[in-house]
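Below you'll find the structures, each written out as structure tokens.
Shared chain: chain A. Partners: chain B in the first complex, chain C in the second.
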Partner chain A sequence: MTRYLRLMRLFTGATLSAQLEYRANFLGAILASLGEVGVALLGIGVLFGQPGTETVGGWTFREALLVTGFFMLTEGVISVFIQPNMSKIAEAVRTGSMDFTLLKPLDAQFGVSTRHLNVLRVGDLLIGLGLIAYAASGLTVTGGGLAGAAVLYLSAVVIVYCIWLALSTTAFWFVKTQNASELFNGVFGAARFPVTAFPVPVRALLTFVVPVALITTVPAQALTGTLTPALALASPLVAGAAFVLTRLFWLRAVASYTSASS
Partner chain B sequence: MTALWRKVRVLFSTRFAEMVEYRAEVVIWMLSGTLSLVMMLVWMGQAASAPDGRINGYTPAEFASYFLGVWVTGQLLVVWVAWELDMEVRQGTLSPKLLRPLDPMWEHYAAHVAERVVRLPAMLGLVALFAWLAGASFSTDPLNYLAAFGLAMLGFSARFLWEYCLGLLAFWTESSSSFGEVVWLVYAALGGMFAPLAFYPQWVQNIAVWTPFPYMLGLPAQLLAGKASLADAGRGALVLGAWLIVFWFVRLAVWRLGLRKYGAVGA
Partner chain C sequence: MTTPTPDAAVHVRDLRKSYTVHEKEPGFLGSLRSFVRRQSREVEAVRGVSFDLAPGEVVGFLGPNGAGKTTTLKMLSGLLHPSGGELRVAGFEPRRREADFLRRITLVMGQKQQLIWDLPALDSFLVNQAIYEIPDPQYRATMHEFTEVLGLEGILKKQVRKLSLGERMKCELAAALLHRPRVLFLDEPTIGLDVNMQEAVRAFIRDYNERYGATVILTSHYMADVTALARRILVIDQGQLVFDGDLARLVERGGGGKTVRLQLRRPVTAEALAGYGSDVKVDGLSAELTVPRAEVSPRAARLLADLDVADLTVEDPPIEAVMAELFGRKDREVVRG
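And then the complex of A and B:
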């Protein structure tokens, strides 16, 4: 365990010093973050801007802003921690450089998942946390709610990681996976809004088929204290099951890996 | 004239062959732009839960018609030329193209038009499916469709030119794609991807009418939904045409300035 922590520190240092070589990109990253948060805020801004609109899907403005905050935070987690690593899996399979990862005396899944970071998008994380803090400051949040939200958000991150890893692992058979992540982004766009804002059939789809509701709505519900026990239990269970399944899927994929030249 | 016609034909047929290769990706790209569909669903939910069943006079079915119109029009307005230019400038693959007696812009333009043709069948199928699921209904006047298509074509050309300018920023900066994201936000907001333009505060509307955005996205959608007149379309076409001329000259200026700055990789 300490060995893995030490490796993570090494990886972080290496990727940081590589990225600081390209400081000019920082301006671009800030613009991209602003664009991202602009889309999210405009969406709920226009919805609540209509005369007579007090709630959207039973959520007040502050509460809905909480969901937007979790959405931005998740976008940040994806662009800082998940996407930089996952997008390189396909490349490594195609060129055969996956060999080097597999030959190292450490768990290959750990290796491909932690090697890279995109520090330029840390802004997204800060914006997300800022939005959550601002929204929560106008609501009554209990200590228990905060702890619950933290735990549920952690399982949300695990779910997001598993979906991305599963999609990227298909690269061992299909080589190209960028399109799969495009599709994920398309569906994930729905997480900007509380799941109750959608018509009932879509709501079911977003809760059970693609667990978008578990990623942003459920942690926000934990903060506002409106979470049902069923959903509170469902999220960690889904996260655990997803983790085991993707682990098995990954092992199967690696077992079928035959490098680039063969 | 025949020489020009031959150029057009060759450009189009080669790009068409290339795009047909990407047909699976084209369908996936179509599905990844979901913002208008997400907004449609949320507005439908809002209208359904409002006491009189409507928001600002829109019933759920009318929201469905409008946003599906936006989605279809948005499909015709997809432009990725900035991304390709960024790549060509940074990797130096632009250099051989400069030797040809033809502005490289036309090659990209032909590729985009050819991609529309590949996109069309799947797009019509999907919109029919969505319309059936959401209960949307569209205009029955063929002239409205013609006008919407004309506006979308003008809008596409305008967007192509401004995206081309953004792509050419790669001559000066590494992060031209980020500028693109911010411009996209303005396009989506004023175009009416979040809500019909009438839902915005008055001062935003006052600004928006002077920009090309509402006429390339929101207006065709309203025409398709049967909520705008042909007179509106004519006015929109005039504004779009004026902007098209502006963008044409801006593009030309940026291109000339950029080429002077351009030193291929290794030079």
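And then the complex of A and C:
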């Protein structure tokens, strides 16, 4: 375990120094972060913009802002930790550099998942946390609610990671997977609003088929103390199941690896 | 047949690998057609290869392009799962990719690189040190030794992208051997290097083999690599072993001819030399012809008697010619020398 932590520290150091080589990229990244916040806030603005609108789907403005905060935080987690690694899987399979990952006496899934980091987007994480803090400051939040939200948000991150890994792992068979991650981004966009703001059929789809609800709405509900016990249990269970399934899928993919020639 | 060695470093029996390839016709219409109906076909890259290597042995693994060398090495290092046959390396089954197995082997591919492109090689070494859990004193000792043998000082702190091909290859080798593996799979480690750099890489491999008693399989299209390092040669062609034995025996059985070179005082025509041997080449006052091995002495005596010869030498044909002859052969029986 400590070995894995040590390795993560080393990988982080290496990826940080590699990115410092290209300083010009920082400005672009900051603009991208600001753009994301702008879009998310604009969405809320439109929903609550009409005069006289107090709540949308049972959510007050502050509560909806909480969901936006979790959305931004998740965007940050994806762009800092998940996407930089997952987008390189297809590339590694195509060029055959996956060989070196598989030759190392280190769990290959750990290797492909922790090797890279995009520090340029750390701003998204901070903006997300800031939004959550601001929204929560106007609500009554208990210690239990906070702990519950933390656990549920962790489950949410595991679920997001599993979806990305499963989509990226298809690269072992299809080589090109860009479309897969665009698909994820398209569906995930729905998570910037509370799921209860959607019509019932869509809501069911977003909870059970693509568990977008579990990612942002559920942690927000835990913070505000409006979460049903069923949903509170569902999130960690789905996360556990997703992790086991993607793990099996990954092992299956590695077994059928054909390693690009030469 | 070689008898299976019980404590062989590498044990290969009837190894097979077939790839499924999807055929695609060129052009957009071809793409569309193969998108609708995927045509797939089995390619048998390795078809029943068997051999054993003793610990510390260095063998050259030769064969024309597409013969199945890289495929074999990838199976030996656990990257590819064999379609059939039996495989043991350092007592492990490679396809399971156990950590203890991976610590004992390395695979160097001249065409691929593991070093982090934007960082100095030293950073990649530190990452490997942590992955292989190399204790600090051992890391320092190995680095010291590699720096000396490979001449690494001065290039370890430059970003990898700024290194020349040869410098990068030296660093690649160091990164791949940092954990002191017992079994080395080297796939064209000298490709694209100039003669001096090739020699440096060879010297390093020889030194490593002697120092640690490591087992080495080396593929190369440069015969000098193989003749300098390996006494035993495996030749593979179209997925099957066609020769397994001593380098000297390979040369001997390669066609039964020797090359006779003549330096003449008076020009002759190729026709005039046709009676003394085959493959006659004449260039001004020099000439060259191939003579059957058993006939070398009488033919040389006749040439000296009949023509005005200034100088005459007899040579084994270059190994390249032997290989060309071997691959051209139709009978595909394994020859064990």
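To be clear about the criterion, the second predicted complex is superposed on the first by the 261 of 262 C-alpha atoms of A that agree within 3 Å, B and C clash if a C-alpha of one lies under 4 Å from a C-alpha of the other, contacts with A are read in each partner's own complex, and residues count from 1 in each chain.
The definition used in the following text is that contacts are C-beta pairs under 8 Å (C-beta built on N, C-alpha and C of every residue); 3 or more make two chains touch, one makes a residue touch a chain.
None of the values given here were measured: they were computed from a predicted structure.
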>> Output check: A:Leu34 vs chain B and chain C. Expected answer is one of first, second, both, neither. What do you get?
In response: first
>> In the overlaid three-chain picture, which partner chain does A:Ser259 touch, first (chain B) or second (chain C), both, or neither?
In response: second
>> With both structures fitted on chain A, tell me whether chain B or chain C touches more of chain A's residues.
In response: B
> After superposition on the shared chain, which partner residues are touched by A:Ala90: those of chain B (first), chain C (second), both, or neither?
Replying inline: neither
>> Under the stated touch criterion, which partner chain does A:Leu165 make contact with: chain B (first), chain C (second), both, or neither?
In response: neither
>> On the A-aligned overlay, A:Ala14 touches which partner chain: chain B = first, chain C = second, or both, or neither?
In response: second
> Which holds for A:Ala197: it touches chain B only (first), chain C only (second), both, or neither?
Replying inline: first
> For the complex, which residues does chain B have touching chain A?
Replying inline: 24-25, 28-29, 31-35, 38-39, 41-46, 48-50, 55-56, 173-179, 181-182, 184-185, 188-189, 194-195, 199-201
> Can you name the residues of chain A that touch chain B in the complex?
Replying inline: 22, 24-25, 27-32, 34-36, 38-39, 42-43, 46-47, 49-50, 52-53, 56-57, 179, 182-183, 185-187, 189-190, 192-193, 197-199, 202
>> Taking the touch rule as given, give the residues of chain C at its contact with chain A in the complex, in rising order.
In response: 19, 70, 74, 77-81, 97, 99-100, 102-103, 105-107, 109, 111-114, 116-119, 123, 126-127, 130-133, 159
> Of all residues in chain A, which touch chain C in the complex?
Replying inline: 3, 6-7, 10-11, 14, 17-18, 21, 95-97, 99-100, 102-106, 255-259, 261-262
